[in-house]
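Pasting a structure here, questions to come.
Order as written gives the chain letters A, B, C and D; numbering starts at 1 within each chain.
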Amino acid sequence: MEKANPITWRNRLHNTIYESNTMAGKAFDVALLALIMSSIVVVMLDSIDEYHDRYGRVFYIMEWAFTGLFTLEYLLRLISIQRPWRYVFSFFGLIDLLAIIPSYLSIFLVGAQSLLVLRALRLLRVFRIFKLTHFLTEMEFLKISIATSLKKITIFMLVVLSLVIILGSVMYLVENGQNGFTSIPASIYWAIVTITTVGYGDITPVTTVGKFVASLMMFIGYGIIAVPTGIITTEMAFAARRRKHGHETCPGCGREGHDNDAVFCKFCGTLL
Amino acid sequence: MEKANPITWRNRLHNTIYESNTMAGKAFDVALLALIMSSIVVVMLDSIDEYHDRYGRVFYIMEWAFTGLFTLEYLLRLISIQRPWRYVFSFFGLIDLLAIIPSYLSIFLVGAQSLLVLRALRLLRVFRIFKLTHFLTEMEFLKISIATSLKKITIFMLVVLSLVIILGSVMYLVENGQNGFTSIPASIYWAIVTITTVGYGDITPVTTVGKFVASLMMFIGYGIIAVPTGIITTEMAFAARRRKHGHETCPGCGREGHDNDAVFCKFCGTLL
Amino acid sequence: MEKANPITWRNRLHNTIYESNTMAGKAFDVALLALIMSSIVVVMLDSIDEYHDRYGRVFYIMEWAFTGLFTLEYLLRLISIQRPWRYVFSFFGLIDLLAIIPSYLSIFLVGAQSLLVLRALRLLRVFRIFKLTHFLTEMEFLKISIATSLKKITIFMLVVLSLVIILGSVMYLVENGQNGFTSIPASIYWAIVTITTVGYGDITPVTTVGKFVASLMMFIGYGIIAVPTGIITTEMAFAARRRKHGHETCPGCGREGHDNDAVFCKFCGTLL
Amino acid sequence: MEKANPITWRNRLHNTIYESNTMAGKAFDVALLALIMSSIVVVMLDSIDEYHDRYGRVFYIMEWAFTGLFTLEYLLRLISIQRPWRYVFSFFGLIDLLAIIPSYLSIFLVGAQSLLVLRALRLLRVFRIFKLTHFLTEMEFLKISIATSLKKITIFMLVVLSLVIILGSVMYLVENGQNGFTSIPASIYWAIVTITTVGYGDITPVTTVGKFVASLMMFIGYGIIAVPTGIITTEMAFAARRRKHGHETCPGCGREGHDNDAVFCKFCGTLL
């Protein structure tokens, strides 16, 4: 925040780039977001053979323009912050670097340009920018709910992983290495495709026993898909209730559970 | 509502067409619904080559009959309402127009008739008509729950969108533009098919690394499908509780929203 | 129940067949269930060409044996009940009849035997028999939760149906009647396969616009699959709470919300 | 636990192998887990033809090394426990045996080595080891929620099973044994693939009636997938609430289970 510092040009630059409570800061954020999105669209279009053949030249120039602008932004971020190294090795610092390196690498290394798709990672900055808007509370809410349920989800995922390895191995035995179940890893891949109900159909059981095991697996998958939902819903309900009801205690009767907007205790009528 | 106006023919027409508290109004609604459904069934059947060859002539006549009736309805709606332009540019006004235009266009423009399928949009009028029945409360309930969770769902969808762009781009790199992953947009399409657990199987990973990334993605999809469910369930539970409790009014301050177990008003301390 | 009647042979037969509080009644239920399952297994095995060729003769005899036993059971049910016609036209009465008719029909009509698969409907009797066990409360609970949410689910299904008709029609236009989208009904079938996340892959979009519409549809499907879950979960939570907490009012303070096992009011300590 | 016994070597061995409150016990558990995982990875890699051809010899030696270590572990477990037979016939005892038998069998029986994949079952020991960490409470929580909802889930699964048999049989009739619906079991397999929304696409309806029945089935599947989620979520919410509240003991009667807002014991009326 650095609100006590004298307003120097470096300070003003910092506020524009890293904060968004000023007019310039907001404009910078919106412009940056538009730039990131445009650069991703260009990389996307360039990956389509038809467009590459026709507009490849234009895309090439645009990509260098984006690289130039992102490099400029990167340098400005470096000089306007007090501890540059900390930014460089931060999550967003690394992503920002990953977005400009491939272009420069492509001068020396043929094919390095294909790494430009990593620019898509910069999209995550959207959530940084969102922070400033009224979505903040909702994001906080989602983050808390997911964070508190992470332990349970981890255990659940471990159970699913064991299940998938065991049932995948069983299918490898049952289908005898035939019909696409050529190896245990391939069979595990099939098991994941099945238990998550994605069901590509690139590998499907052919033998009767295999179909039976597969049916069993689908039923298991059908039943356990309910578990992560149950976990997250329960945590969300608690988070939502916590947000609504205060943890204040009534001075008259000592009871809790009052609403956030309560002025008097709902049990004994004492002023809170 | 216009209840103060003298009962003129225009007024009666308005009541029949726009309201449904009269016998005629209800009959009009039911007849309209039947007409819309019949017209959609005819368009559907006409799209099947076999039936088109055999009954094409009959369908052609029926479609003009429906167009005639819908045009008549449109005109009646126009003359019976006080501000016709407002209806014309309203959501349902535009859909009503879209349902009759293609037929007239087809006189001048070959192929415009295929736009007749837009008539399916008129199906949405079902919900207009439902409003009148005892489904109203339930619809209100669903609408409120979904509206309050819209912000959270939006953030969630943005996360999924970023994920899908990033993982799609990664797969384009991993599968090296082969095996259907011919461009980044195509790979993103695959990523969406995978993360939503639809899993057509028209594009599937072939390389080992690709299968590994795909497996990871399915697990992510499996875990996060729980999030929108959690959001909507929590909001519904709150909406349901709100509907059940808290409609008591405080005799002291006239405010609502008290808990079931409250003895004193939480706002002014009066005994409830 | 007919508990006041003198115990005649007809009465005892009725108790054995329709009730299950006697030893004989329980034995009858278990035997019937075993018989139904065996008959279904025989029909299943007979449908496999390989087995039909080898054991067709045996299956034929067994099917007639089952038909004989089921006919006997049907007649016994008829003579042991007071109002036979009521049973004949009841849900289970019709199913019981459907299970024996195809065999007799097959004497006169070639191919009627294939209707034997309708015998599978008798499986529903399992739930009749379950009624007697300790699963009753749980079944009641599930039935109430689903019944109370039926109205909301109906509206939801109507929304999905409209969506599927509209988006199916749009896809028919977009894919121009090619690539499997040969007619509007076929496109609607594809839309249902997509929005329910089944995703067979027998029809898939090929054009870029088609893939875009499909992606949109999958996202919609991903979001709205949460709605029926939310509805049922909320209803279940209410049903569960209702079952746990009594609706008794305390004579001392007039408050409700006591647990089922409560002896004293938890608010004022008065004996309930 | 055996805490009263004098510390002998056998006792110390028991503590190291079966418990994990000592340093040695923890080290043993981690080493065992690493060993199990390595052995599974080796079996996996060996199942890939390419690796088998190149490193088959190395894998062979490693598998015998793992077998030797697991045999040693098995013997140590046997001699360090007081009732060896009880361990041998316990769930984990049988799995431990199943993990070493195939190797020895392969000396006499060609092909028995393929049963090595059963080693994957040892992965379940992960959860045994997890017990010791802070995941215990969360695991307990998940286990309780799932256990209490098991009865409801069982009924639900029975309904789904009946539905799948009935609708599978109907499809066999409708598609007339063609298009992959070659037998009733095959059609039931298809029905399971459809209702669980897996949707491989290896068998798909071709006739119009078949597509209609399939669409109906997908809608049913879409609606009822909400039921197990609802069941588990409700149970989880109750389990979570129980864990949060109600651990206060009444000074009068010593019973627990009071609500958060209770002032008097609901069992004996004593002031809490």
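Methods note: contacts are C-beta pairs under 8 Å (C-beta built on N, C-alpha and C of every residue); 3 or more make two chains touch, one makes a residue touch a chain.
It should be emphasised that the depicted structure is a prediction, and the values quoted were computed from it without experimental measurement.
Participant: Taking all residue numbers at the chain A/chain D interface, are over half used by both copies (same) or under half (different)?
Facilitator: different
Participant: Considering only mean CA positions as chain centres, point out the chain farthest from chain C.
Facilitator: So the chain farthest away from chain C turns out to be A.
Participant: Rounded to the nearest whole Å, what is the centre-to-centre distance of chain B and chain D, using the mean of the C-alpha atoms as each centre?
Facilitator: 41
Participant: Distance from the CA centroid of chain C to that of chain D, rounded to the nearest Å?
Facilitator: Using C-alpha averages as centres, the distance is 28 Å.
Participant: Got the chain A residues that touch at least 2 other chains?
Facilitator: Touching at least two other chains: 185, 188, 197-201, 225, 229, 231, 233, 237, 267.
Participant: Within their complex, state which residues of chain C touch chain B.
Facilitator: Residue positions touching the partner: 151-152, 154-156, 158-159, 162, 165-166, 169-170, 172-173, 177, 182-185, 188, 194, 197-201, 204, 208, 211, 214-215, 218-219, 221-223, 225-227, 229-231, 233-234, 237-238, 255-257, 267.
Participant: Chain C touches which residues of chain B in the complex?
Facilitator: Against chain C, the touching part of chain B is residues 40, 43-44, 47-49, 114-115, 117-118, 120-121, 123-124, 126-127, 130, 135, 138-139, 141-142, 145-146, 153, 157, 160, 185-186, 188-189, 192-193, 196-202, 225, 228-229, 231-233, 235-237, 240, 260-261, 263.
Participant: Could you please specify the touching residues of chain B with respect to chain D in the complex?
Facilitator: 197-201, 229, 233, 261
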